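We call the chains A, B, C and D, going by the order they appear; numbering starts again at 1 in every chain.
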Amino acid sequence: MSVDLSVTVGTLRLRNPVMPASGTFAEGLDNVVDFEKLGALVTKTITHELRTGNPLPRVVEQPSGLINSIGIPSKGLDHFVEHMLPLYARYSTPLVVSISAPTVEGFANLARAVSIPGVAAIEANISCPNIEEDGKAFAMTPESTERVTSALRSSTGLPLWVKLTPNTGDIAAVARSAERAGANALVVANTILAMAIDLKTFRPSLGNILGGLSGPAVKPIILRQVYQCAKVVAIPVIGCGGIATAKDAAEFMLAGATAVQVGTATFIQPDAMVRIIDGIKQFCLHRDIPRASDLVGGLVVEESDEPDMAWMEPAQ
Amino acid sequence: MSVDLSVTVGTLRLRNPVMPASGTFAEGLDNVVDFEKLGALVTKTITHELRTGNPLPRVVEQPSGLINSIGIPSKGLDHFVEHMLPLYARYSTPLVVSISAPTVEGFANLARAVSIPGVAAIEANISCPNIEEDGKAFAMTPESTERVTSALRSSTGLPLWVKLTPNTGDIAAVARSAERAGANALVVANTILAMAIDLKTFRPSLGNILGGLSGPAVKPIILRQVYQCAKVVAIPVIGCGGIATAKDAAEFMLAGATAVQVGTATFIQPDAMVRIIDGIKQFCLHRDIPRASDLVGGLVVEESDEPDMAWMEPAQ
Amino acid sequence: MPVSIQILIIATTVAKKRLSLAIEIALCKAVFFRDGRRMLQNLTLTNHDAQEDWRPTVSTETAVVLSNKAVNGEYRRLVMSCSALAASAEPGQFFQLLCPESAGEKPFLRRPMSVYGMRKAPPEVEFLYKVTGAGTRGLETLVQGDPLDIFGPLGVGFKLDLSWRSIALVGRGAGLATLAPLASMAAQAGIHVTAILSARRPDLLVSADLFRNCGADVVGVTDSEATSGPANVEKILRGLIAGRGCDAFFTCGSSRLMRVLQRLAAEFGLVGQIAMEQQMACGIGLCHCCVRDFNMNGDIVSRRVCWDGPVFDLAEAMP
Amino acid sequence: MPVSIQILIIATTVAKKRLSLAIEIALCKAVFFRDGRRMLQNLTLTNHDAQEDWRPTVSTETAVVLSNKAVNGEYRRLVMSCSALAASAEPGQFFQLLCPESAGEKPFLRRPMSVYGMRKAPPEVEFLYKVTGAGTRGLETLVQGDPLDIFGPLGVGFKLDLSWRSIALVGRGAGLATLAPLASMAAQAGIHVTAILSARRPDLLVSADLFRNCGADVVGVTDSEATSGPANVEKILRGLIAGRGCDAFFTCGSSRLMRVLQRLAAEFGLVGQIAMEQQMACGIGLCHCCVRDFNMNGDIVSRRVCWDGPVFDLAEAMP
């Protein structure tokens, strides 16, 4: 038996469901991973202007995880178009450009500006602060998610992926609003706001005080959010959070993810994405599953499994 | 030098800042831990009626963490008053009773019923679903937190601790509303909603589908929430989430916690609480800190550390 | 402290004071009540009144591996040097083992394992385990001299009535590990043991010699020989009851066999004890993840396997 | 594949085609451009056009420990048997080591370590490390035959201009590990080395013999002898420049010494290279956690130590 690994994310057909998470991928990885083997390539989030990112230290390790406060150092739009885009033109693998801006209009303008040949899709990182709403991230509420997604939708003809934040209290509602406003796929999710303290200095371990937690530690939380989102939207969900092995990827797909992004795992095993792709193939082979896409939403939930709403844990 | 480990939580003076987290403590632990050494004792959440808890399996392990969907099996109020309370009367360590109910009135009634000799404080586990609001946990919004806390406040003269959920999008706002409504302390926080899938059966690993993540994996997230809450309230914050070592406890205290609760760590090291108490003493001794309470809120944050709001990570 | 005499006090209602006294006199570490643990807890708490003499009754310690060898294609035997408290474990009790990482997998929870053997001097405790997942794969990596964090003895073990003359032990799989030390306890008490050991193949009947060395009559039944079916086991037991006679049943490891025993026990008015398994987190009654339903005189009651058991009244057990 | 000749191509603007050709002819694995990595990247990408022949140029592999011994009270030397690709590391390059767990601490990230030595046949790579935290405590536990997951060679190493006659290596602490293989590379290229090694005490001057065996003049300066101050190092260097002469400075491990070298380099119009450290997560340019500021002709530019370095132009480095 051979396994068909391809999946379809909106109008985009990917040769397999595995791609990097924004901010954990750059051209240097081609020293270790054959980019032609990946499902897609996803850039670090770019902004319109040049930005320097956050103060150091920018990472601190935790049990089974990493907190980062890299921020978005960006060489700006022009540098991206002139210098980065041509690099990726050499690959047949679709390029997804992650963008961010502090205002709705900024987002729309940037989306328009990157809607150019060589870009296969736009991933809007709306987990960034909205300066028009007191710095609260767009993706924290259904309302601002809907506003920014609508503006993005009317500014680009490219497939539009919207990347949500896990820090909201109701990610399913945010997911629905993004779908309603025209997103073609959701990326669930960005990092979880976290903190660590240096006991030698009694100061925050990160220059920015707060950072975002990623890696295996967050997997059970993000898996739950993928499940919650996939249940309420018809557009594809791309799972992202703590995926380090093919088994993790399979769990995300069963929970409803059409594809997965791998971030922190690449720092630990630089060829993690390739191992995951091979592993998904083996996983399907061993179970006589002809297409990786057959896994999507394959979770078996019986009536009796449905939580007793009135007393569900861990809403103890 | 000797170290004064005692801390004051509202009107309650504790011999040290370490106590069990609700649901991870019962009388059997006295086989391993001398209860007279602990700062306080905290019961498993009780309900008014007899309840059976959730379907099995109820736990599944994760990298550096545990997901549980125990629910609240409870033998009910009467059993508690008749059989459990007398057991704890033998200890000088203050007993904190954790309570839960599906309605505001149910909470108030239960608080009144347990306001009896032998109970030193009430911990209201408001991370449980409010059936008057579609099953959304009380602690998800400032409004329902305020409502239930007010009702609790007027129904008991005992110190009232309110235990928050980490699943809300704005825990600082919830913390403020609990304080406004008369809480004497906040417990931050309960478990984080999570999920795992059994790849042998393609079914959820937990009988309840969803469960709550606890253990070291959640520590950086809950530490951040303790920091956010302690910044905005004047009442004591009790940190709870992933604390396994004295260093973890010290981080929580520096971030603003007056005391800490230890849950999952006890499953891994049954005498974890005693080790943590001894460790806090050593920690203070080595640094010439005369009182453990001097650690509280001792985090050093300089102006330049304040995050650049407009671009703060991980709200990338 | 280590006491080897085991006494069964059949007492449904005993004034607490008197009971406490009786226990002190008998120097008995663990007692078995029809109505569960409550009285035992009260007793423990009474002792607490004098706080100065609080002492742990369950040990959490770093024991040292003496050996860790395969006994057949499926099972490995792990012998640990430990404290006297840990070595005071009774048959049917268990430990929670903090299994080491193996091949990058770090088991987060401890793993429950029945005591397979214990020795007082020098204090040792033994386990017999089957490698099935991350935790037991970690155990497999241990070599002589390695440390292993063990927590126990835990739970309520088997209890013998000294008036019994003959008992039947019926086990399968890892259940044989749990029953094995009961055979030597019975031998010490002068009670004859008939051990019906069930396995997939004859070569997997691990502890047969151990049972035999305790003077037990051993009957091996296997799937490969088609002798392990409930009907055949029932036939063997009926033969035992009709012949030598049998005062009590002890079982572990198969709910099919449990049902056979429950039926026969009801028919002949025999008592019985069963050691049950359930996934555990804390192992000491805190978390309620290990509950099973029991039929207590018609009421279905949820009880914690780690705390109320793992040994339960056979009649109350449900599959 | 393994090529030991190192060629410095000073080329600020070279037509890409020609460059690519030049490189193929020279069989040169790594080139050093004044304007950083961009051309090298383009080059790599050009090779990609023919997808069939994609090959990793950085190895992620399980190497095997040959030895792991203390060399003095502070440093340990770890020798690994590895692939030819890993053994092709150049002086100044580094590896990201996936350090094992020790005493229950599991380091989550890899740890960067400079190559301290390399051999082609059989392929080996060496590290010299100081135990400071969880990761290096994990390294300390390794014994012969143990596997260790290594990722490298990474980053831009030191480059030598074959026209140079004499160079000065100035290092302190772990910086000595980084500079050591440069001494033998210079020896092979017929360039004389003066090594000024700084440490707290004479017994901590670990690699002095290694430098001497490569024919280097070694000057040890130490805190305990009060010879390690900037003034004394400056005096020694002025002596060298005035005497034998010096074409370039190489340094690692001390920003105080860096400033001395920068001042002298400017005064005498000398070039220099510095290996820098910064906390790393990915090690290959993905995450931007390892940035430092550099002074590029007056502009303060943030660059990734793992990718744009760890070896940088001395004149551009900032403390």
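Basically, a residue touches a chain if its C-beta (ideal position, glycine included) is under 8 Å from a C-beta of that chain, and two chains touch if they have at least 3 such contacts.
Predicted model, so just to flag it, every value in this text is computed and none were measured.
Colleague: Going chain by chain, each one touching the next, work out the least steps from chain A to chain B.
Modeller: 1
Colleague: From the centre of chain A, which other chain's Cα mean sits the farthest off?
Modeller: Using the mean of the C-alpha atoms as each chain's centre, the farthest one from chain A is C.
Colleague: Report the inter-chain centroid distance for chain A and chain C in whole angstrom, where each centroid is the mean of the CA atoms.
Modeller: So the centre of chain A lies 49 Å away from the centre of chain C.
Colleague: Quick check: how many Å separate the C-alpha centres of chain B and chain C?
Modeller: Computed value for the inter-centroid distance: 35 Å.
Colleague: Return the residues of chain C touching two or more other chains; collapse runs of consecutive numbers into ranges.
Modeller: 106
Colleague: Multi-chain contacts only, two chains or more: what residues does chain B have there?
Modeller: 23, 62-65, 68, 70
Colleague: Within their complex, state which residues of chain B touch chain A.
Modeller: 23, 45, 51, 54-55, 62-65, 67-72, 100, 102, 125, 127-129, 131, 135, 137, 140-141, 165, 167-170, 190-197, 199, 201-204, 207-213, 216-221, 223-224, 227, 247, 250-251, 254-255, 283, 298-302, 304-316
Colleague: For the complex, give me every residue of chain A touching chain D.
Modeller: So the residues of chain A touching chain D come out as 23-36, 44, 52-53, 56-59, 61-66, 68, 70, 73, 83, 87, 90-91, 215, 266-271.
Colleague: Would you mind writing out the residues of chain D in touch with chain A in their complex?
Modeller: 38, 41-42, 44-45, 48-49, 51, 54, 56-58, 60, 98, 106-110, 151, 278-279, 281-289, 291, 302, 307
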